[in-house]
Amino acid sequence: MMNIFLLLALLSFTSDAAVNDFCVAELKGPDSPSGYQCKPPKSVTVDDFVFSGFVAGNTTNIFHAELTSTVVTDFPGLNGLGVSAARLDIAKGGAVPMHTHPAATELLIMVEGQITAGFVTPFEVYNKTLKPGDVMVFPQGLLHFQVNSGKGKAIAFLAFSSANPGVQLLDLVLFGNSLSSELIAQTTFLDVAQVKKLKARFSGRG
Amino acid sequence: MMNIFLLLALLSFTSDAAVNDFCVAELKGPDSPSGYQCKPPKSVTVDDFVFSGFVAGNTTNIFHAELTSTVVTDFPGLNGLGVSAARLDIAKGGAVPMHTHPAATELLIMVEGQITAGFVTPFEVYNKTLKPGDVMVFPQGLLHFQVNSGKGKAIAFLAFSSANPGVQLLDLVLFGNSLSSELIAQTTFLDVAQVKKLKARFSGRG
Amino acid sequence: MMNIFLLLALLSFTSDAAVNDFCVAELKGPDSPSGYQCKPPKSVTVDDFVFSGFVAGNTTNIFHAELTSTVVTDFPGLNGLGVSAARLDIAKGGAVPMHTHPAATELLIMVEGQITAGFVTPFEVYNKTLKPGDVMVFPQGLLHFQVNSGKGKAIAFLAFSSANPGVQLLDLVLFGNSLSSELIAQTTFLDVAQVKKLKARFSGRG
Amino acid sequence: MMNIFLLLALLSFTSDAAVNDFCVAELKGPDSPSGYQCKPPKSVTVDDFVFSGFVAGNTTNIFHAELTSTVVTDFPGLNGLGVSAARLDIAKGGAVPMHTHPAATELLIMVEGQITAGFVTPFEVYNKTLKPGDVMVFPQGLLHFQVNSGKGKAIAFLAFSSANPGVQLLDLVLFGNSLSSELIAQTTFLDVAQVKKLKARFSGRG
Amino acid sequence: MMNIFLLLALLSFTSDAAVNDFCVAELKGPDSPSGYQCKPPKSVTVDDFVFSGFVAGNTTNIFHAELTSTVVTDFPGLNGLGVSAARLDIAKGGAVPMHTHPAATELLIMVEGQITAGFVTPFEVYNKTLKPGDVMVFPQGLLHFQVNSGKGKAIAFLAFSSANPGVQLLDLVLFGNSLSSELIAQTTFLDVAQVKKLKARFSGRG
Amino acid sequence: MMNIFLLLALLSFTSDAAVNDFCVAELKGPDSPSGYQCKPPKSVTVDDFVFSGFVAGNTTNIFHAELTSTVVTDFPGLNGLGVSAARLDIAKGGAVPMHTHPAATELLIMVEGQITAGFVTPFEVYNKTLKPGDVMVFPQGLLHFQVNSGKGKAIAFLAFSSANPGVQLLDLVLFGNSLSSELIAQTTFLDVAQVKKLKARFSGRG
């Protein structure tokens, strides 16, 4: 008896038919609204689905915090699958300042230490002090922060509802580019002096 | 000959079968991630698809600007259809301050006057001075502003890629709620004095 | 102290990492179901997000109407963002004849004059006479029309729930191609003579 | 050893937790943009996933054709699953006249006889004469038709990319409602006499 | 009078503007999460929308069953349209063994004979014996089977909620690859001997 | 000057207008394909966005493993946001047996110990031995497993691309319900004796 089912599968495998159940990113090519194009199935290996750099980041910076992300550009097996992760390390006294992820929801899983985290809307702030055993969600696009409110370092693992979430730090989008101090002041009601002080800090331009 | 096609259609009409090609919002009920539930087809009229309040707003406020929105709660025919609109009036010298729409892209169509508008990302600002004949798009979730940079009033019509876009004004989400001045300062690098000044302005709490 | 956050951002910027929060269309390449592929971030400027031709169209044609569209092929910053616009000018006595947008909802904002507009379903017509201050929605895929019912010209701005909506004019899809008059008559119940008359008008073929 | 995994599953089952992998429609309640709400899991049986009326329709009508549909309102297990079906019977000489499915693509599988089918766009018609062994796709929202071009009856099975596709027959949406003959003529370029003749046929109103 | 509408349409046609209402797959290029890139409109013909191989498969194999699929790689007009089909032939005594479609729902339409079909969840099986006139749905991702329980051959037509559904046969994913017998036994609770026996059958490796 | 912007916001807040930027699940009501309906905004607190039970599970069961999930039914703030999490504890020698998540991709983040994990497709297995620092993705709907291959306990945190992923354990869907041993054998090629043995283990029925 001829194993046609088996034969068809073999044929399919060897003739480079699209592997329909995943689409590993061809990172040498461009992105698109739905993700990268698919690598040829024959070139796919398990290493496309594994990332090995999910380790503590270096918190020696002005925030005393570091984010080590694992997104599609880190391991292309994530392409089109709607999820990614990051590791957050905050040194004592440090904080991840106000930021948004325009197109992704963030889920924070406490691992060590204590973090006071929250997100803000007009008239309401939703914040809580979190310890290991706690999980908190920050809905897509809302401004949020995480502050190390404990006595030592704090560690959390983050998940995102996108394979390639962006991150927009408020201080960088306000003060890190060439928008004039006058325009920033007019559109934020901040004092021009305050604006210039922060532009000097985050971009060097006054 | 019996008109079964016609009869079936009549039967369908009279038996309250779901009208599949639109789902007018039942606004007395709750919302859901995909929109409101559908009103009974028999209660649907053309007025569910028309809104008649798209007129100049009152710009007598601290921003000298007003947004008159037409979203699903204004005319329920928009339910689930992925689009809505607003009218923007900015008096001379006024501005719509920095804000985001977490889950919607905004399209601005100039009608009258002159508006300097832009959106910001880390290290880049994309801004332009716009006159009638110009259209500008502000991608979903990014912080943006519109300033009347002309000699008189400015008017623009806005479209959104959602039937129910939210709006998050930066000054309100930072200074309009009960987040403490110390926490705001820590997560924005603003001076505490600046924070207290703006909290007084936007919420009354110091 | 080393600004690692800032440094990482700079590195990201200079190393051509995908800008995640928008995907400006590379119009030299092909389209895909989700949109065009993304231009390299370094080649993106504000002009990708601005279109300057949103002006009155020439209504000297058989419909006495003109549609000036601004879709992704006009300004590539719209790519993947789910919204676009058009300007509609209808001369006195003119009309946009029956048409559909197969994959997009249309929102009409009155600017000047008077338009009688409506969409049709089996057994129901939803139509209204609109003036400035009125907004009307035409759900995706339904046949609709706009007629200038006023004493002068009429102007409206349109928004669509797609970056690249198609438009299917009924007279062109029925009478503008090579479908035989007999087949058209059989599938529309129109008289063959009527069909031939309109084929002559819209395509030249009898 | 305690079977906690098994126990948890039992608990889940008995405590009416949502069955996540399907959402059988509660047809007594309203629809929403994403589908009906879910029936309680305990009330779900295999009969929610089976429909037994997929039989030849009665083609004694003005089209000599009949469509027997199986959509979510026929078997509620389809809810939210993005697919449905219909059986098409066309008597000799009959036809399904021009129609659209505003929000669904149609796939036609020939079963018996011969059907000439096609869809239209401005300037192009895509039509073919089909026999058993042929499958044809009609993209969402485009006007299409099926004509029995054979010597006997024709049968086809249809699939749709929606659990609840609508159908808009051109003759019904143009001539089956209260839109005035003058307005129809103005927006279709049909002769008023032709319009009145067809209104009489499809709605009784002249 | 100048036919600007008509002219614009002609211009659009000849200038290779994207045909927005379908996106026929360019199968020489790669896939992406949303589908293949679009062929140039000028190269599109009706044959991109028709497939002519939907005929009985050869059931001479270990399952006494055959699936003849028509997916996007068979006729590229399906690209991005969310539907595809297959023909199922099961000889007397044969069966389609347990399998899933990870990203698609399946709809089965009985054509001839008798099939006992069902899908399984923890603690529940939803199965029924089907005859012509019956339609059954198998929700996305759930393990299901079809057995010929009649006296002769059985035929069914299948529709899927995806243009390119994958199929994962349980026996092939468990026993058709290089996963060791010990690991398979550990993760399925099957006896090692049973595993080796089936590995020999489905892959040749013990 | 009247603070109309501020006033409007207050009015919006007090008049129970939908909070557009999240939709906290009303868990007393039914689910729908897009999620639960939204709780009234006034009843939303930060505790809807925080879950405090993300702790080690009890691994005293036949798998020596336990999954502690945090999905929308655990904290309703997840509703409609496309992400959830779980904690995986595997005792020495234990394993999570073969299972799928029909509608969600899984991301595994190693925390402690050593896990050999993999997913299977016809002819291919993608498996790897993981240690802390490693992250692995399991594409939606594919059969996968995790085995503790280390010398002590193993812990991992999981993220899913759905607010309410289901889990289908292969042994439970095959042997935990009332499907007859003969039918299971016919559709899996397992020996009837093997089937009966496992049915006894997982459901008590032979």
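Order as written gives the chain letters A, B, C, D, E and F; numbering starts at 1 within each chain.
One rule holds in what follows: contacts are C-beta pairs under 8 Å (C-beta built on N, C-alpha and C of every residue); 3 or more make two chains touch, one makes a residue touch a chain.
Here's who's who by UniProt: A, B, C, D, E, F = Germin-like protein.
Everything numeric here is computed off the predicted structure, so don't read it as measured data.
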{"item": "Interchain contact steps from subunit B to subunit E (minimum; 1 if touching)", "value": "2"}
{"item": "Touching subunit E and also subunit F, the following chains", "value": "A, D"}
{"item": "Same vs different contact residues, subunit B with subunit D, by half of numbers used", "value": "different"}
{"item": "Comparison of C-D and A-E by number of C-beta pairs in contact, larger one", "value": "C-D"}
{"item": "Approximate Å spacing (C-alpha centroids) for the pair subunit A, subunit C", "value": "35"}
{"item": "Whole-Å gap between the CA centroids of subunit A and subunit F", "value": "21"}
{"item": "Sequence positions of subunit F contacting 2 or more other chains", "value": "9, 19, 21, 29, 32-34, 102-103, 118, 121-123, 127, 139-142, 168-169, 172, 176"}
{"item": "Every chain pair in contact, whichever chains are involved", "value": "A-B, A-C, A-E, A-F, B-C, B-D, B-F, C-D, C-E, D-E, D-F, E-F"}
{"item": "Sites on subunit A touched by subunit E in the complex", "value": "1-6, 9, 17-21, 23, 26, 29, 32-40, 79-80"}
{"item": "Subunit E-touching residues of subunit D, taken from the complex the two chains share", "value": "9-10, 13, 19, 21-22, 45-47, 49-55, 70, 75, 77-78, 81-85, 105, 107, 109-111, 118-119, 121-123, 126-128, 130, 133-142, 157, 159-161"}
{"item": "Contact footprint of subunit D on subunit F as seen in their complex", "value": "29-34, 57-58, 60-63, 65-66, 73, 102-103, 164-166, 168-169, 172, 176, 202"}
{"item": "Subunit F-facing residues of subunit E, complex", "value": "95-98, 100-103, 116, 118, 120-125, 127, 139-143, 145, 147, 168-174, 176-179, 183, 186-191, 194, 197-198, 201, 203"}
